[in-house]
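Multiple structures follow.
Each of the next two complexes has chain A plus one other chain: chain B in the first, chain C in the second.
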Partner chain A sequence: MSLIAAPLLLLWPGAIVLALLDGRRRGPGALAVAILAAVFVLLAVLLAAVVARGPQELVAGGWAPDVGIRLRVDALGAVFAVLSCGVLLASLLQAVITGIHARATPSLTLFMALGLTGLFLTGDIFSFYVFFELAMICAYALTAAGGGDRRVRAAFTFAVVNLLGSFLFLIGIGALYRATGTLEMAAVAQQAATIDPNTGLLIAVTFFVAFGIKLGLFPFHFWLPSVYLAVAPHVAAMFAGALANIGTYGLLRFGGAILPAELELSSAALIAIGALSIAYGALQAIARRDTREVLAYSSIGHAGYVLIALGIGGPVGIGAAVIFSIANALNKTLLFLGSELRGRLAATAFLVGVLSVAGVPPTAGFFGKAALFDAGIDAGSITTVTLLFVGGALSFVYLFQIYQHDRWRPRAEREREMPTGAASPGQRGVALAVAAIVVLLGLWPEPLLAIGEQAAQEITATTPGRAEP
Partner chain B sequence: MNPLFAIVIGVLFGCGVFLLLKPDLFRVIAGLVLVSNAANLTLMASGLTRSGQAPIAPVEGNEPVADPLVQAMTLTALVIGFAVTSVLLALCYGVYRARRSVDLDELSREEAAEAAALEADEPPLDEESEYDQQDEFDEEIVR
Partner chain C sequence: MAIAIGWSAGGGGFGVAWAPTWDLRLAFELDGLAALYGVLAAGIGTLVFLYASAYVPRHLAHQERSRREEARLHGAMVLFLVSMLGLVMAQDLIALFVFWDLTAVASWLLVGYDRHNRDARLSALMALLVTAVSAVLMLVGILMLRAEYGTVQLPELFAVAQESTTVTVAVALIAIAALAKSAQVPFHFWLPRAMAAPTPVSAYLHSAAMVAAGVFLLSRIHPLIQLDARLLDGLIVIGLTSMAVGGLLALGSRGLKRILAYSTISQYGYVVTMLGIGGAAGAAGACFYVLGHALAKSALFMTAGAVTEATGAKALGEVGGLARRMPLLAAGSGAAAAGIAALPLTIGFFKDELFFKAALDRGNVLGALAVLGAALTFAYMARFWTGIFLGAPKGELRPVERRLIWPVALLGALVVVGGLVVGPFADLARDAAVVTQRGAVELEAAYHLDARAENLMAIGAYALGFALFASGRLLGAPLSVFSRLGHDLGPERAYNASIRGLNRLSNRLHDIEVRDLRGRLIAVVVPGAGLVALGVAVTPTDGAYRTGALPAADVPLVVALAVCALAALAVPFCRRHLLIALALSGVGFALATTYSLMGAPDVALVAVLIETIFALLFVGVFALLPRDVLRREARLRAPRSRKLRDAAIATASGVVTSLVVWSAFSRPVPREGMSDRLSALAPEAHGKDIVTVILADFRGLDTLVEITVVAVAMIAVSLLLRGKLRG
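On to the complex of A and B.
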């Protein structure tokens, strides 16, 4: 199946060529958008193939199956790859229309797409780490790109905190290899049942810390607001919509598929940390007035929902985590891209994002929240359902506050604070397109729900006999 | 062999974290380098389950061969660590170019002073020229 390798083979040379060109010009920017669009189409075809025929595999370089590095794509990986690539495409398009100020932005975006696509499509733990570092290094550079010493400082904090997480992850990989003797995800998952419980729990904790840092969960969140505040809106959209998927995917893959026994054991802790994250994010967001600061804290809160769904576990909980993350990534992209656009259509797009985060139908966010409620009721936990309800209500309050603050005040007062004119048709077009997808998924949610269900089934099925509690 | 590796990894990691907590950007980077090497050693140590001759073809006789996979992994991780360190050093230099200091206490003091000046509606002197310089430099850095 060369369909798996094609996106990577297209992105790699593309990113290298673009690194040599001046990304501030129109030409290279358009080329980068074209490459990303082609990759997006390829990944969508791959997703369709996975949905129709089940997981696809490819052993890189024509090696024997147990020697070469295995690329393996199932519904979870394919849907996250499509989602991340789509988010990067929308953000880069917005950036190109607005005008890029840093030479390397298109190239770095393509390298980040390469890292993300690679880690979602690989079936090997160590190549997961390599792709993961590739995406992260691009993120550090993108944070610093464009100037201002505030950005460089934010990038430094971002890099130091996340690198510490990456090295912990590397130590976890070493430990997992020692315990199971293999690096292939499927084989590791089979061997994981034989790991000594204490060792298994330690390994699971290193993975949890590594992905918790990426996702910006409550005790590991401190780098997140300064980065989201310092960067340009399109970069913030890339981070919230695409890069954060690494954390969700990692937790689902390593927690749900590879170490399910440890996930089950720590379910109470996960729900507690998730609840803290939701409360902390929502309360901080309510206290802020700056749009992007509110969105940054809201991201911390929404990471908590994913963790709660994971803590509930089982096919229902994991399915809810997948559906919610997809809806959440789209919402955050829409809100960040629309945050600095002015004008009636841009405001409409932003409002769609606000309603989707609050979970008002007909938007994708409604089905994300509905899946979470479903999981909470399935687990029979009243506290979880209450928490989800309160969290949802709070997110509606803080987002409506910023909507009011940004768009309902007299123009003169507003423009004194933020002197931006009405958005150009192109900028509005990108925001409206993302808003249209959010509404479309709300009106016709069957594909979303079906993919969530398939991903959850595939994850829980990799460990026969251990799926039931 | 195992206890020795464990002790060395522990000491490296501990020293790395100690340096990470210092209020000096350069020491923070040095700390991360130590932590990355602790991780590399852990990778090497994870292959200690079997020892033997070097895994270079042709293998002589029927003697056991050491695990080549961990060495390949460590090599990759070393290269990544190298790249990451250079990115960090570039960022550190960027901070130094803008502020003429890599001491976190000094940087925060300066930032607090600037914030206070902004509140009083008096932008600090030379801000314009400093930012212009910074922009040029950042364009350089992303090249």
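On to the complex of A and C.
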């Protein structure tokens, strides 16, 4: 299927050409946006094909599947690819409208899109890793883009902590290859049933730590607030809305699809860590008085929700994780993009984001929250439901506290902290467009719920008849 | 109006699929219950909109705000009205929840309308947190019902639901949300605070709509509540408590709007009690009560607003003798107050008659409590109205628009009309009760000039109420003790304490957050090691770690690895930078040697190249760094405790990493012969050896991406080298 190759073939040359141009100018910026928009459309077509006809495949170089690299797209991969690309598109558009200060930003964004698209579309563990590295290195560079001591320092921390995570991931991949003799995800999943539980679990733990770092899960999150605070809002939106999807997707793919027995075995630990993450993120967020700091900490809490859904497992739990993650990525994009925009329309867009994170309808976030509760109830776990409730209550406190602090206080009280004037129509437009999507998915949730269900079924069906460990 | 016409035309409804995956439907039906609450929301809403069109410009002018802000209030009111109408007609619990939460959001925007005012902001936050967080419980309850019966359609649920613990818990959770919305004890504290809202908002939300939504929901799901008698009893307890607490606080308060807010708490306590009593009498009484109360209470709120606008007074004692100066307002609000106090010739009389009748059905104790509650109501209503309109005139009178007066008069007239021609009102309430009760309901409202129990109870309530009112001075002290007690021990204090406590805890946590790189790495390594250790602990390790044999041919390999390990161990003991670099490259070269011993000369060659480059790079960088910086850094000494800690962490992480690898290597080699197959394919890929074809062809995509990674790294580095990634 050339549908799989097309987005990569468009991004690759595009990013290289842009690397040679000065991205601060209008032209290259517009070109980058146009390329991303085209890729977004291609990925949407791919998603439609996956929804209609099931998973799509392509072996690079036309070799036999166990010789060459197999690209394989199922609903989970396709939806994350569309989502991430859309987030990058919105963020870059916002950056171009606002004005780009670093010449490499458009090119780096496209390279990041390439890395993310590649890792969501591949069916091969090692090629997942290399695409993942590509996305990450772009993220480090984007953190430092724009200059300043604070950003370079944040980029350094970001790179060092995450390279440690990548290194752990690589050890895990090596060990998994040694244990199963293959790098192809579907084949590994079949072989994994025969792995000794000890080996399997230890490998699963290294993957967990690696993706936990990407996702910003407590206690692996310490890099996250400094990075999200140091970068420009559009870069923070890229990280929270697109890059963090690696963590979610990785946990779902490696935990849910490749090592399901290990996932099941660690269910209690996942829920415990998820609970810690939720509590920690929320508690940190409550007294913060900088919107972006609140958002950074709330991301840590939201990583915990994904983990809880994974811990619940099964089609319902995994479906909830997918639905929640999609909503969460959209919310974070909207909030980061809107965090510094002023004016009534911008405030409305931002409010939509706040409501969605709180899980107040009619927003995508409401169905994310409902799906989580549904999974907890389906599993009959009072602890989980209580946890979700407490976490949700805390999120109400910090979200509306900061919203009122930021948007309701008289101008005289806040001018000192927030000198920005009203947003330009273009900036508002981007934020409003994302807000419209969030509301639309709240009013017509069927696509969201259906894709969650399909993704969960495909993932859980790849490993039929697995014996209990 | 359209709702009334629609309902009299037989109601109707529609349903379309919404989200088939979850089996959700956008199903709405204009049944009796929806008609009652819909008429209230739309009818009173219309009057309030008229009132607000005069009130809000004045309100903004007082605060020197722009007229443009008026739109914000009307926008939120319309949002509220629409959500309220959706709420009352929804037949799908999820759809119902959507509108439920929207009313909370609209109310938040409205209570916080005076956003420059800190008190208004805090009140808005409180109203939102109490109603929206409790709403999450409702969502949980709905999803529990869905998990149990596979549907959230109310008609289907009513048909299949049976008594069970799950259903009881689910319904209880929904009921909590409803009680919080109707400001019932112990969630009542948000309502008096919500009086920070502009008066039209209170006249609408806090009399006829927002707080009514709670009892509406209880009525809507009443068939489910009826499944468990404990739920009904719980409602009675909460209803009576709210009735008493609200009544006492109303009697002890001075603020005009505050008295009305407490009165609302108390009045919805009546309704909740009747819903708890259940049966035909309870259902009919509850529905009628809501109708009678809403008309009168919104008139009273508008009165309070008009009085404040005309005199500037906000509390009893700051105003008096207005009856002569504002006769129409006095008459309208007099009728409304009489309605709340349940005097004859008002619609309120019947609401209490029905209440007494329902209470008596459940025994004399409840009947006695009902009389006490009614007496309290009479007393505070008398105090409220006489305090404003009788006595010596006080203060100056400013002219106010007529639009602030005649909605009150109109509602007052309706209250009296309802007392004279109760038929249409009774029909509306009866049709609503039919839905609640899912069966025929008799609602008989008429004057009986005889000594039946209800009449005697009413007379008793007036007498007792008048006694309470007359002894107002005497009651002052105990009432203020009661309200102080409530303030010191009540739920509002708990709310404030928890918000403050959470913020304090948050600050404390933030202070101990890790901020240096070393700490951030430790926070990854240590928990990671802990998790691996946990993994080892919970899985069977029997046979998981094999040592295998050591053939003589492998001895050089072991030696090379030992050199590698020694070099690595030497690194932390080196102080000078050059030595550290040399030791590190020693590790690399030793590894390169092991590759060559394992039959991978090409890999070894690459490793040697890389190590050489890095060694030179380090040396080059050191040559460029200022000498004194290097010297100073080399002299730095870490405290002993930290050295020990770091050593322990390093050892632990080394050990667990080894365990991961060791465990994997203890497995038999899978898929033997794969390398032969790849080698056989090498000519097809136009390559001579397996490594080349893998890198350049079979897995060429990986190589390409890796090259891209290097390119991106170079872009980043080149930008960094230009000074500051600015290009």
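Heads up, the rule we're going with is that the second predicted complex is superposed on the first by the 466 of 469 C-alpha atoms of A that agree within 3 Å, B and C clash if a C-alpha of one lies under 4 Å from a C-alpha of the other, contacts with A are read in each partner's own complex, and residues count from 1 in each chain.
Rule of thumb we're sticking to: a contact is a pair of C-beta atoms (placed from the backbone, for glycine too) under 8 Å apart; a residue touches a chain by one contact, two chains touch by 3 or more.
None of the values given here were measured: they were computed from a predicted structure.
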- Task: May I ask you to decide whether A:G181 touches chain B, chain C, both, or neither, giving the answer as first, second, both or neither?
- Result: both
Scan A:A6 for contacts with chain B and chain C and give back first, second, both or neither. neither
Check your understanding: Which partner does A:L21 reach: the first (chain B), the second (chain C), both, or neither?
Key -> neither
Inquiry  = Just checking: does A:V67 make contact with chain B only, chain C only, both, or neither of them? Give me first, second, both or neither.
reply    = second
Of the two partners chain B and chain C, more of chain A gets touched by chain C
**Message:** Quick one: is A:L170 in contact with chain B, with chain C, with both, or with neither? Answer first, second, both or neither.
**Reply:** first
- [ ] For A:A433, decide between first (touching chain B), second (touching chain C), both and neither.
- [x] neither
Note: overlapping chain A surface for chain B and chain C spans 102-104, 108, 126, 130, 133, 137, 140-141, 144-148, 151-152, 156, 160, 164, 168, 171, 174-175, 178, 181
Listed in rising order, chain C residues that touch chain A in their complex are 18-22, 24, 94, 97-98, 101-102, 104-105, 108, 112, 115-116, 121, 124-125, 128-129, 132-133, 136-137, 139-140, 143-144, 146-147, 499, 502-507, 509-510, 513-515, 517, 519-521, 523-525, 527-528, 531-532, 534-536, 538-541, 543-544, 657, 659-661, 663-667, 669-671, 674, 677-678, 681, 697-702, 705-706, 708-709, 711-713, 715-716, 719-720, 724-727
Seen from chain A, its contact residues with chain C in the complex are 12, 16, 19, 22-24, 60-61, 63, 66-69, 101-104, 107-108, 111, 114-115, 118, 126-127, 130-131, 133-134, 137-138, 140-141, 144-148, 151-152, 156-157, 160-161, 164-165, 168, 171-172, 174-176, 178-182, 191, 195-199, 201-206, 208-209, 213, 219-220, 222-223, 225-226, 265-266, 269, 280, 283-288, 355, 358-362, 366, 369-370, 373-374, 377-378, 385, 389, 392-394, 396-397, 400-401, 404, 408-410, 444-446, 449-450, 453
Residue positions on chain A within touch of chain B in the complex are 102-105, 108, 126, 129-130, 133, 137, 140-141, 144-149, 151-153, 155-156, 159-160, 163-164, 167-168, 170-171, 173-175, 177-178, 181, 183
Chain B contacts chain A in the complex at 20, 25, 28, 32, 35-36, 38-40, 42-43, 45-47, 49, 69-70, 73, 76-77, 80, 83-84, 87-88, 91-92, 94-95, 98-99, 107, 131, 134-135, 137-139, 141-143
